[in-house]
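Same chain, two partners: subunit A is paired with subunit B first, then with subunit C.
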Partner chain A sequence: MAKRAKTDFEKHWAFQAVFPLLIFFTIITIIIVIFSILSKEFLTAFNLLQALKYLANTGIVSLGLTFVVAVGKSDISFHYVSCFAGMTMSYFIGMFMGGKGIPPIPAILLGLFGGLIFGIINGIAIGKFKLPDMITTIAVGSLAWGMAYLYNGGNYIYQNFLTSGIIQFSDGKLFGWLPFPVLYLFSFYIIGYIILHCTTFGRRFYATGHNPVAASFSGIKVEHYITLAYMICSLMASFSNMLMTAAQGNGNVKGGLVLLMPAWAAVFVGISIFKKPTVYGTFLGAFLIAIMQNGFTLMHTPYYVMDLIIGITLIFAILVSRIQIKSGKVSAFKLSGKEFQLQSTSQRGIQK
Partner chain B sequence: MRNFFSKIFKIFQPQFILIWTLMALIVAFSFLSSSFRAYDNLFEILRTSCNTAVLVLGLTWIIAMNEIDVAFPDIAAFGSMVTAFCVMEGLPWSLSILIALLTSAFFGLISGMLINIFKVPSLIATIGITTIAKSAAYIIGKGSPIYFSKIDPTVNFLVYGKIYGIPVLFIIVLLLYILAAFLQNRTKLGQYLYALGENRQAAFEAGIPGKKIIYAFFLLSATLASLGGVLLLASFSSGQPNFQGSYFVDGLSAVFLGALTIKIGKPNVIGTLIGAIIISTLTNGLTLLGVPFYVGIIIKGLLMLVGVVMIVATRYPFRKATRKIHTQSYSSP
Partner chain C sequence: MDTILSMRGIIKTFPGVVALSGVDFDLQCGEVHALLGINGAGKSTLVKILAGVYQKDAGKIYLNGQNVEIHDPLQAKNLGISTVYQDPQLIPSFTGYENIFLGSETRQRRIISLINRREMRNRALELLERFHFELDLDKPVNKLGKVEKEIIAILRALSQKNVSVLILDEPTSILTRSEIAILFEHINILKKNGISIIYITHRLEEVFEVADKFTILRNGKNVGTYSTKKTEIDTSQIAELMLGEKLKQIYPTREGLAKEETLRVENLSLNQKLNNCTFSAYRGEILGIFGLVGSGFDELCKILFGILQPSNGKIFIKNTEVRLNHPKDAIQNRVFLIPGDRQAEGLVLEEAVSFNTTLANLKKISTPLGLIKSGQERKDTLQIINQLNIASLGPGQSVTYLSGGNQQKVVIGKGIYSDADIYIFEEPTAGVDVGTKASIYHLIRNLSKEKTVICVSSDVDEIFSLCDRIIVLYKGQIVLEKLTKDTNLGEVLLYGLTGGK
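The block that comes next holds the complex of A and B.
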C-alpha cells in the first residue's frame, strides 16, 4: 500500500498549533504595554483583582456558551434569559411578600431556577423536537425578555438591596482579599475544564457537535447532551447577570443585554486559537475582552468608544489567529477542511 | 362536486394559515376596540408596518440563503444618525440620505468580506459589525440623540402623506416588494439564492457565483436597513443611536412568521410583508386595548414558537417516511 502523502497540516503542525497562540499573546502583551504606559494604576495588584472581577461577568457566561457551541448549536437567547433570571432574583429580594423579601441565597437559587426553565425549553425544543436552533432561541429569548417585564413593568427594583446582604454576593471577599466573583470564576472554570476535557461525558459533547448521526449510532443520546448544553448555558448566563445585578444594586430589565457580544466573541477567539471550542480558549478570549474593558475604564473613555475599539480588536484578533500555512508558504486566511465549523445557521432543520 | 370542494379546502392548507391568522386578529381587535376599526387606524397600521418591512427585506433573503444578519437594527440606527448629523451640518436632505445609505453599505461590504474571504460564520461576523455600527452611531451624536425642529416637506410627504387616504409610504413599499417578489420568483438570482440555502456545496460545484451573491445580499441588507433607519428618523423626528431592542425581535419575527406562508419553511418576501403587517397589527391592537407593550413581546415570541412547531409538524410525515427507507437500506444488505 502506497504511503499517504502528508497533508499541509501534518507538515507544519507545530507552526499551525503554536502560531495562533503566539500571535494572541503578542496582541495581549501589546495591549498591556499600551495601557501601562497610558495609565499608572493599570499594573497594580488592586487593579488586577478589579480586572478579574470584570472577567467574572464575561467569563462565566461564555463558559456556558462554550458547551452549546461544542454540541454544534448556537444560542442567541441567553442574554434575554439572563435578564429574566436577574429580575426574578430582584423580585424575590425586593418585592416578594409585600416588600419584605426573602434572604439572598434562596433568591439566587430561585433566579437560577427561572433561567434554567428557559434553558430546558430551548434544549427540549432543539434537542428532542429538532427545531432549528436560531429561530427557536430567538423566540424563547423574546418570551423570556417579555416575562422579565412582568415583575415590575420594566421599572428598576432596588428595595432591600442594601439591607438584605445581596451586595455581599458580588462585593464580599474571601479571607479579606479574594473577591467572591473571582472565586466563582475559577471554580466554574476548573469544574468546566474537568467536565469537558477530562471525562468521557465531556467528549460526548464534542462527538455530538462533530457528527450527530455518527454520535447517535455509537450509542450517545444526542438529544440529552444538547438539552444539557442549553441548560448549562442558561444557568451560567443567569449566574453572570445576577452577579452584575448584585454589583449594580438594582434589578434592571435591560441589564443583561450587554452580555451577547462579549460572550460570542470570547468563544470565537477561543475557536480561532485552538481550532475547536475549548474551556481554556474561551478563558483567553474572555481575558482579552476583560483586560481591554478594564484599561479603557481606567482611562475614562466613553463607553461607546470603548465598544468600538473592543469590537475592532476582536475582529482583528480572530482574523490574525487564522493565518495558516498552505503548501509551504504562509497564505492568509485559507482554512483547512478540518476546521471546526458552526453547524447552526438558522434553517437547517426546517429545510430538510 | 368533489373537485369543487377540494378547491375550496385548498385555502385552508398550511401555507395560507398566516393570512387566516391576520384576518382573525383584525376581526378580534375590531370587535374589542372601536378605535381599532376606524378607517384611519387601519391605514396607520399599514404605514407603521412599512418601517419593519423595509428593515427586513434584505434580511429575508439572507436567511433564505442560510446565513443570518443580526446587525440590521444597529445599522438602521447608524443610518438615522448619519442622516441627522448631515442635515444638522446643513447638507440637503437627499444628499444626507444618500451619504447614510452609502456609508451603511460599507458595513454590508465588511460582513460580506468576513464571511467570504475570512470564512467567519455569519452570526459572529454580524455580531461584530453590530457592535461597531452601534458605537459609530453613538460617536456621531456623542452619546445622545439628535433632535430636529422640522422635517423636509418631501420626506414628510413620503412618510406621512396620503393619496385618496392610502399612505404614500405603503404604496412605495408595496411596489418595492412586488419588484422583490419578481426578482425572487422569476429570475435566475432568486433560484440561486434558494440553491445556496439548500446545499451550499452543491451550489458552488454547479458554478453558481455564490460569493458574489453573498456580497450582493449583505450589501443590499445593510442599505435597506439603513433606509429603514431613515424612515424611523422621520417618524421619531430625531436620530436615535439605539432603537432599544424591540426592532430586533419584531424584524426577525416578521421574517420567520413569513417563512410560514407561500413557500413553507423558506423565508420569502411576500410572507415577510404579511408578517410585518401582523406584527404591526398586534402592536397597534394591544396598545389600543391598553395592554402593556411587554405582553406584545411575549405574544410575538409565542407566535414564532408555534409557527416553527407547525412547520416541523407538517413536515413530520415526510421525514418519517424517509427514515423508514433509510432503516430498510441499512437492514437489508
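The block that comes next holds the complex of A and C.
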C-alpha cells in the first residue's frame, strides 16, 4: 500500500515539475517564431540587446515583488513609490541648490532612500500593526504619488541630465558591448537568488509566507521579514524607475506607472510554473513579458495593446497557478485531513 | 413519562476501529439526559448518528415508538432532532434574529425573493415568548456575551418546526461559572416546555446540577445509566466507570528521577485564564499537567513559550528570571514547545521535511553568513528521520503528504533539532494512531533522561501512565500536585473534572 503510494507520488511530482516548464518554453518558442515572421528586425543582435533592456526594467522590479509575494503579501504601491524615488533623484540632479544639482551617485542614493522610506512604512503597517496589505499599500502608494508631484508640480525635470552623467548609467556599456542595465539585472538576480534560495533568510521568508503562525512558533520574528520584503520591493522598484529616468533623460512623474502590471504578470507566470514565488520563476516570467514588450514595440502597435496583452497574461498566469495550488490542497486534504482524524480519534477510544 | 427516543444496539465502525459496539440508549420525554465519557468513548459518534451526520452500521432508532432511519442532517431536522454543536458559528455582525434564521430566512415570493425582516423578527420574538427567554435580539451578536451567543445558537436549533429532541454538545466548555448558571436556567425552561435534551459533557459536577439522568459510555459501550436524584453512585465510582480498564503496554515504564530544577514558575496569572500558578520542573523526569479543554493549559504552554505574556508572575530558567516576549526568546533560553495543533502551529505544510525540521535552528545548517549547507541539512534530517522513524520518502518530501502521526514526529524532530533543554509537549498524541502513540511516548521518555520534559494534555490516561509527577489544572488554578506513585488515576481525573470538591 505504502509502496504503491510512493511511486504515484514520484510520478506526480516529476509530472508537476516538468510539465509546466515544457508548456512555458513551448509558448516562448511560439511567440518568438511569430515575432520573427512578422518583423525582420526581431532576431537581430541589436534588437536582442534592446530586448534585454526591457527585461532589465521589468526584471528588476518583479524581483523585488517576488519577496513580497514570498511572505504571502501583496504590494500595489511600488509603482507609485518608484515615481517618488525617480522624482527625488531628478530633483537632486536638476533642481537642488538653485539648479546646480549634485552628482549622479549621491542623487541615486537619495532617490533609493526616498523609495525605501515608503517600503518601511508599508512593512511596519502590515507586519507590525497587521493592517490589511491591499488597502495599506494603495494608501501608501497614493501618498508617495502625491509627494512625487511636490518636487516640480508634476512637470518634467530635465535640467543637468545631459551634463551630469546620469544617462551613462543607462546607456553605458561594460567592455564596450554589455549594457549596464543588463549588468544590474544579472547581478541583482544572482544576489536575489542567493538570498531567497540559498540562505537562512530565504527560508524565513518562505516560512512566513506559508504559515506565519508556525514560523513564529519556530522563533521567527515574522513582522521583521514582512518589513524586509516590502523594503526590498520598494528599493528594486525605485532602482528600476531610475534606470528608466536615466534612459529617457528626464524625470517624469508618470514614468513609473508602467511598472505595476508587468511586474505582477512576471511573478505570477513564475508561480504558475514552479507553484511558488521563486527568483528563477520570476526571471522566466519577466523574460516572457519583455519579449512581448519588445516584439509589439517593433510592430509599432499602440501602447494600449501592450497593456491589454499583459493583462491577459496576468489573468491567465493567476488561473494556472490557482489550478495547481487547488489540486495540491485537495490531495493534502484527502491524505491528512478529515478521514484520517476520524480514524485516529476513534482509535483513541479503543485503547482506553 | 414516555420514552421519546430509544436507540437499540447501535453499531458504528470506522476503517479499522469500532466506535460504537451495540449501544442502547433511552431518552424520556422532557428530561435532561447527560452523556458522559472520556475523549473517544463514543459520545460524539452516538449523537452524530442521531443528527444524521454519520450513518449507523447496525441497530435501530425508535422515535415516539416508530422505527426511523436517519440518512442525513436534513432528515434529522424534519424528525424534530436538533443539535447545537460545540463552539457554534454565528456571524458576528448580524443581529440575534438574523443569526437565528440564518439559511432559513423568511422570504417574500415575488419577482426576486427578498428577505422579510419584520416577519423574521416577529417569529424570533414568538420563539422568545414561548420559552420566556429574555434577550435583545436586535443587537449584533458580537455585542453579546458568550452565554447569550450560546442561547442564540440554542434558539437557532429550536427555530426548526416541532423540535422534540435537542442535543447540546459540551455547551459549557468556554463559559464561566456564573454564565453556566444562566445557561442552566434556560435549559430548565426548555425542559418545562417538554423538550428532551441530550447533554454531552465531561464535567461531572454539571451532571448533578442540570441533568435528570446520565449515561456513561466507554469504548463505544453503554456501561450504565443512572438517575441523579437517587444516590446510587458517587463521583469517584463514576470516574472509574468512565475509565474502566486500559491498555498499559503502550506506555514506557515510569523511571524518572528528578535531578536539578531547571524551570520555576511563580504566581503566573493571565487575566481570568490562569490564576497564581506556581510550580517547578526538574531535569530527568516527566512532569505531567492535566486539565480539561478550557482549564488554562493552552495558555500556560503559550506563556512558557513566549507567545502570550502573563499579566502577573515570574518565570525562572535555571534560577535566572527570564522575560519571554516572543518564541525566539524562549528558544534562545532553550525552551521548545511542541504545539497542540501541529498543522496550524507546528508545520509549514507545503515545504519539505528538511525545511521543517531545521526551521527552529537554521544556524546549525548554515555558515556564519547565512548560506545554507544543503549537504549538512540533508544529513541531519536523515538522521532525525531515522532516529524518530518517520515514514517519508526522504528529507525532500513535502510534509503535506505525511500521515498525522508522522507529521507530529516531524514537529518533534524540529524540537529535538533545536537543541532545547526544556521541552513542553502539548497534547502530544492528539489525532495520532496507537502505534505512533507508543513510539512518541518512548521518545518522550528517552528525551526526559537528559532533559526536562513537561507533558500537557487533556488525556488523563496519558498523563497518569506516562508522567512521573502530576499537576492538575482546573479553571486556571493548580488544584493538585503529587508524585504519580502517591496518587491514583481516579483522584487525578476527579480533580481535573471537579477541582476536588
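The rule is simple: the second predicted complex is superposed on the first by the 298 of 352 C-alpha atoms of A that agree within 3 Å, B and C clash if a C-alpha of one lies under 4 Å from a C-alpha of the other, contacts with A are read in each partner's own complex, and residues count from 1 in each chain.
Heads up, the rule we're going with is that a contact is a pair of C-beta atoms (placed from the backbone, for glycine too) under 8 Å apart; a residue touches a chain by one contact, two chains touch by 3 or more.
Fair warning: this is a prediction, and the values are worked out from it, not measured in the lab.
Engineer: Can A:Ile191 be said to touch subunit B (first), subunit C (second), both, or neither?
Structural biologist: Neither partner.
Engineer: Would you check which partner chain A:Tyr304 touches, where first means subunit B only, second means subunit C only, and both and neither mean what they say?
Structural biologist: So A:Tyr304 only meets subunit B here.
Engineer: Between subunit B (first) and subunit C (second), which, if any, makes contact with A:Ile30: first, second, both or neither?
Structural biologist: neither
Engineer: Tell me which partner touches more residues of subunit A in the superposed arrangement, subunit B or subunit C.
Structural biologist: B
Engineer: Please indicate which partner A:Ile76 is in contact with in the superposed arrangement: first for subunit B, second for subunit C, both, or neither.
Structural biologist: The first partner, subunit B, only.
Engineer: Mind sorting out which residues of subunit A both subunit B and subunit C touch, each in its own complex?
Structural biologist: The answer is residues 335, 339, 341-342, 344-352 of subunit A.
Engineer: Touching residues of subunit B toward subunit A in the complex: what are they?
Structural biologist: 63-64, 66-68, 70, 114, 117-124, 127-128, 130-132, 134-136, 138-139, 143, 197-198, 241, 245, 249, 252-253, 256, 259, 265-267, 292, 294-302, 304-305, 308-309, 311-312, 315, 319
Engineer: Which residues of subunit C touch subunit A once you look at their complex with the stated criterion?
Structural biologist: On the subunit C side, the touching residues are 14-19, 38-42, 45, 218-220, 243-244, 246-247, 250, 305, 307, 326-328, 330-332, 337, 339, 343-351, 355, 358-360, 362-363, 365-366, 369-372, 391, 393, 397, 400-405, 407, 414, 418, 429, 431-434, 437, 459, 461.
Engineer: Quick one: in the complex, what on subunit A touches subunit C?
Structural biologist: Within the complex, subunit A contacts subunit C at residues 2, 6, 9-10, 194, 198-201, 203-204, 206-207, 210-211, 213-221, 276, 328, 331-332, 335-336, 339-352.
Engineer: Per the contact definition, I'd like the list of subunit A residues that touch subunit B in the complex.
Structural biologist: The contact residues of subunit A facing subunit B are 74, 76, 125, 129-132, 134-136, 138-147, 149-150, 153-154, 254, 257, 260-261, 264-265, 268, 302, 304-308, 310-312, 314-315, 318-319, 322, 333, 335, 339, 341-342, 344-352.
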